[in-house]
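Before anything else, here is the set of structures, which you'll find just below.
Each of the two complexes below includes chain A, the first together with chain B, the second together with chain C.
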Partner chain A sequence: MSATGHRVARRLLLGGAQTAAVVLLVFAATEALPGDAAVALAGDQPDPARIEAVRAAMHLDRPPLERLLVWTAGLLHGDLGVSLTSGRPVAAALADGFGPTLLLAVPTVLLLVPAGIGLGVLAARREGGAVDRVVSAVLLSLYAVPEFALGALLVTVFALRLGWFPPTAVGYGTELASHPAALVLPVLALLARPVCSLARLVRAGMLDSLASPYVAQARRCGLSRTRVRYAHALPNALAPAAQQLARTVDWLLCGVVVVEALFVVPGLGTVLMNAVAERDLPTVQGLAVVFGLVTVLLNLGADLVTHRLAPRTEVAA
Partner chain B sequence: MAVAVARSRRGLKRIVVGRPGGAARGRGARRFAPGLLVVGVPLLIALAGPLFAGDAGPRGTSLTTGAGHPLGTDFTGRDVFREVLLGGRSVVTVALAATALTYAVALPVGFVCALTRRAWLEEVLMRPLDVLLAVPSLLVVLLVATAVQPGPARLATVVALVGIPDAARIVRAAGAEAASRPAVEALRMQGEGWVRLALGYVGRAVARPLAADIGVRLTGAVYLVATAAFLGVGVAPDAADWAVMVDRNRTGLSVQPWATVVPALLIVALTMGGNLLVDAALARPHRPEKNR
Partner chain C sequence: MTPVHAAAQDPVAVIEGLRVEIGGRLVLDGVGLSLRPGRITALTGGSGSGKTTVGLALLGEYPDGSRVTGTVRVPQGLIGYVPQHPAAVLNPARRIGALLRDIARGRVRHLPRSRRRAAARERVLDALDRVRLPADGRLLRRFPHQLSGGQQQRVALAQVLLLGARVVVADEPTTGQDPLTKRGVVDLLADVARQGIAVLLLSHDTGVVRALADEVVVLRDGRVRDAGPAAASGRAPLGGAGRGDAVLDVRSLVARHGRTPVLDRVSLTVGAGECLAVAGRSGSGKTTLARCLSGLHPRHAGEVRLVGQPLPPGLRDRSRSQVAGVQHVFQDAKAAFDEYRPVADQVARTAVRLRGAAPAVARREALALLSALGLPAEKAARLPAHLSGGELQRAALARAALARPRVLVCDEITSGLDPVARDAVLGLLGGLLRSGRVEALVLITHDLGTAALADRIAVMEDGRVVESGAAGRVLGAPEHAFTRELVVAEETFGVPGD
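Presenting the complex of A and B:
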């Protein structure tokens, strides 16, 4: 038990270090600006007033260490800084984009787990069988395809040729929730990669479990196939999948940015890309900290869950 | 395509039982065929396309089909066929450069960690990389893009940096497994030097898994570079680049689908084929039958 506690403590420590790394890395972006940061950010309108405004907004006249401390203290209070272009707090922009992104993310995550596990179990029912070959081929093929290319093809086929769904979310604005048809293609494009990776892991885990001595023993005891498969083999197959679930969050974050750009959904990804286009560094930094911390926390959670599911396996850092 | 792999694999399994010697060679070559076929078309266009592109003709009307242009015109009235021929090079070269750079760092770091007897050295090299694993990759690219507007060289560097933690971990894991074999102990006792040990034995032992991992990195780099280009990072807004073409021409998708669909299909084929190749490389040629 003390070994377990030790390992959990180490993992928590790593989580803390990762949090600090995200904050430092995001802060370092200001230092990476070439020459005078204020001049670099003023960009297209380099008049002295604008440069002064940027300098004041980002406290660039103070030493970096002091700025880091002030910025970190602000983060602890939920103050993410002030946008250079609109002058609004970054937290407000974040709140604006939160709804549409949640509308994309919630169905995606809700479908991801059953679809991934379902496909993995389905393929593992008979290794090398027709179902396994077809499912595995599709999973392998879609695994590395960028969302924007897949999304563009989905739009061409299902929105323009067949006319089943609207091609973009343009015109729905804040009432996106009442037009579920507009969400089908974005969610599909977003789901493709994570589902494939999850299902492949579940399939591999199920094949390993089904070939193990304890499953053979369970069969010898006369337990039904269903019970062996779902009550004995599946829980052990889920441990690596739980970890992968957190890794796919990285993909979902990337995916949300791309899918929102492709389908013109006014969510966090759009806010982020607009800020990147306008070189609004404080907004990008604020969003990056939030995205980064969400990833760190989910990875931490997944590793702890994995540890519960399969205590004997080493918890990957 | 992969259905064909599975099918041929299954068919060949029967042959292997009958004539082990001759079939193993044929199987090795045929395993890679579907992946090579799928990845070959976009790769050939990307590398050889610019040689056949010819001069830019006069600009026509935006987003039309036909009229002397085999694939129509794009959003600025350029010939889509010529843009397609030119547009693969940037994605492929940036991804290749990024992967080469990732491995140039990850390989020595991973090897030193795998072979060293000093635990502190391993901790010093690997712990910082563990910490960086949790940072979302596209976020780093976007953050850098805001601070310094990157060109292809900078984009390759950033994509390479993003890949280093994971690659170093895999090199270390593969190397550590090979370095703990009795053969290495024997070589050490014979007083073989570090270089011969690292390159002569461990390097050769891990070449195969690392070749597959380089494929994984390359597909990942293509994904990241293409996605960044689609979002307008590291490329000119009217660049001849497949990802930029998908982004800029999709407004005219209903009138001129070719300008979007052809580059999108090429990117899909590039990543899909790369993945099939990696999977074929990872499937061990002499896997014993599972006794189930």
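Presenting the complex of A and C:
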């Protein structure tokens, strides 16, 4: 009990240290860029006097350490600064983009987990059997298709030919949630590759644990095949899948730029793309911090889940 | 229970003319035996004689790709199986209670739905009680790796009792167990038989077979033979050199697992050229003590001094020479090697990492030491999977000795080995100590026969050293009640090789 508590506390501390490192890295990376926000803002016609004025207005003439402290203090209050192009708080812009991103990510994950685990378990029922070969072949070919190609294909067939779903989310703006039909194709495009990698990991884990002595013993004890498969073999197959799932959710939350662009969904990926195109440094910085935090939190969660699924690892750590 | 005349009963399971061939190799040839209710039939023979294949045939399990002829008649219903390595059949990701509850649920289907849950729980706790495990439910919430080997064996027995099987196959159930646990397992199997269950005992432990079996069938090379194998013997004492200065000095060591205290103010000293055996039953804290010495259990209090210098508790805080100074050899030699690299490479790596030797020099030293320990270069060049348990344990010894340790900590390194391999490893251990390659030896063992070879013995119970002294004195005239109990248990079942 307390050994687990100790481990969790240590992992949380590590998460905190990682967060601090993310903040420092983002600041350092921005500092290392040639020129600064004022130069960037001045655009293609740099006027030295104007750059100086912007610099003073943005406190860019202050020493880096002071700016780091001010920026970090702001972060602690949820203040990510002000966008250079729109003049709006960065936090508000990110909050706007976060809605559509979640609208894509949540249904994707809700479909991904049962589909990935289900297909993996199905394929592992009999290694090398017809079902296994069909499922594995389909998964491998699907995995080989990049999401922009798959997205374009989905649009051509289901939106343009058959007219079942709208081809893009253009025109729905903030009302995206009330037009679920517009989400179907992007969610499918996002789902394709993660389902393949998750199912292949679950299949491999299931094959291992179905061949293990503890599963043989559970069978000898007269348990039903279903009970053995799901209650005794599957938990051992899920530890690597949990790590993979964390990476997928991380990818879904941190800018699926290609799919958002293809279906014109105004999510965080779009915010990122625009901010980079407009050299809006505070927004880029804010996004980097948020993405970094999401990654740290998701990996923290995955590690805790893995610890439950493979409790022996505490001995090694 | 009505007393029955066991001999008059018809057999409940029969094997006739069983022949198993795997890839052209004959594993079993014309094996026959019959199991009667309430009787224990022992099937003995060395490793590789085909015992396990016979046992699994009763369960209807055969190795992949085997051709089987002959008949195996078993009763309707399930057959219980008590495995040699209980750790392998307990699911690492599930708590102990998970499988026990699932088995019990299958046994209470006749009850109304509302009463099933409580009835299943009652059966589980009853089974725990019958194998003398605490039946308060706390154990059910623990994971297999949190139990000692003896407790794991009891959990496997509890599974069999819950099944209500009429036939039980016990595959080397006492191998690697300490004398008291061994006696417990023997009593439990006798209990099982008294309930009218037919038991097939697969064992090469002559003491256990003598104590339990109604009938003995000896198997050799897949055929039934009359003559039993004679246990090899002839062990030399370890160490024996006079006590020099203290190499290892342990003062008031205190350690816990979570909130459970495991070591309680343990103090001991090991002198140069000396072998100290730490004996005690499983769960007494021996392994934790060994892990504290080697820096593998960093959360402990107290002092560990190596030639007068205090050692940091954790391996990561120890300097390279301190790490080299205390080397650890584990019980499971197979798990201690990377399965994808040749054994010789892994052995040589120690000299590079811990002594800064040049790779070529390290390799030469490794090969020389390996061949001195009976592993010629062509054998050592193979992957671990191609070496036997005894050979791997010798390679593990070579790897540890190559660090030129002051203290070599051996944690039950012979308990998984058959008698011949065990004597070979113990002989080599004595050679390492006498030749000065290893300055002092700490031998963790539950086997008093092995402990008797040491210069001194420290006996542990519940995390405390309850008695220590010269080996002859401790075993010949034990002072503490627990030590006396251990010695008596050992005499009842005999040390293998006595």
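Simple rule for what comes next: the second predicted complex is superposed on the first by the 275 of 317 C-alpha atoms of A that agree within 3 Å, B and C clash if a C-alpha of one lies under 4 Å from a C-alpha of the other, contacts with A are read in each partner's own complex, and residues count from 1 in each chain.
Keep in mind that, in the parts below, a residue touches a chain if its C-beta (ideal position, glycine included) is under 8 Å from a C-beta of that chain, and two chains touch if they have at least 3 such contacts.
Quantities reported herein were computed from a predicted structural model and do not represent experimental measurements.
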item	value
Combined model on chain A where chain B meets chain C, clash or fit	clash
Chain B versus chain C as contact partner of A:R227, first or second or both or neither	second
First (chain B), second (chain C), both or neither touched by A:L65	neither
Touched partner set for A:A49, first chain B, second chain C, both or neither	neither
Partner chain in contact with A:T156 - chain B first, chain C second, else both or neither	first
Touching partner for A:Q18 - first (chain B), second (chain C), both, neither	first
Contacts of A:A275 with chain B and chain C, given as first, second, both or neither	first
Winner by number of chain A residues touched, once chain B and chain C are compared	B
First, second, both or neither for A:A29, with chain B first and chain C second	first
Superposed model, chain B segment overlapping chain C, candidates 185-193, 221-229 or 275-283	185-193
Of chain A, residues touching chain C in the complex	1-4, 212-218, 220-223, 227, 231-232, 235-236, 239, 309-312, 315
Touching residues (chain side chain A, partner chain B) in the complex	14, 17-18, 21-22, 25-26, 29-30, 32-34, 40, 127-128, 133-134, 136-137, 140-150, 152-153, 155-156, 160, 167, 207, 210-211, 250, 253-254, 257-258, 261-262, 272-273, 275-277, 279-281, 284-285, 288, 291-292, 295-296, 299, 317
Residues of chain C that touch chain A when the two form their complex	59, 61, 78-81, 83, 85, 88-94, 98-99, 102-103, 106, 143, 145, 156, 159, 163, 257-259
Parts of chain B lying in touch with chain A, wherever the complex brings them together	1-3, 5-7, 10, 127, 130-140, 142-149, 219-220, 222-223, 226-227, 230-233, 243, 246-247, 250, 253-254, 257, 260-261, 264-265, 267-268, 271-272, 274-276, 279, 290-292
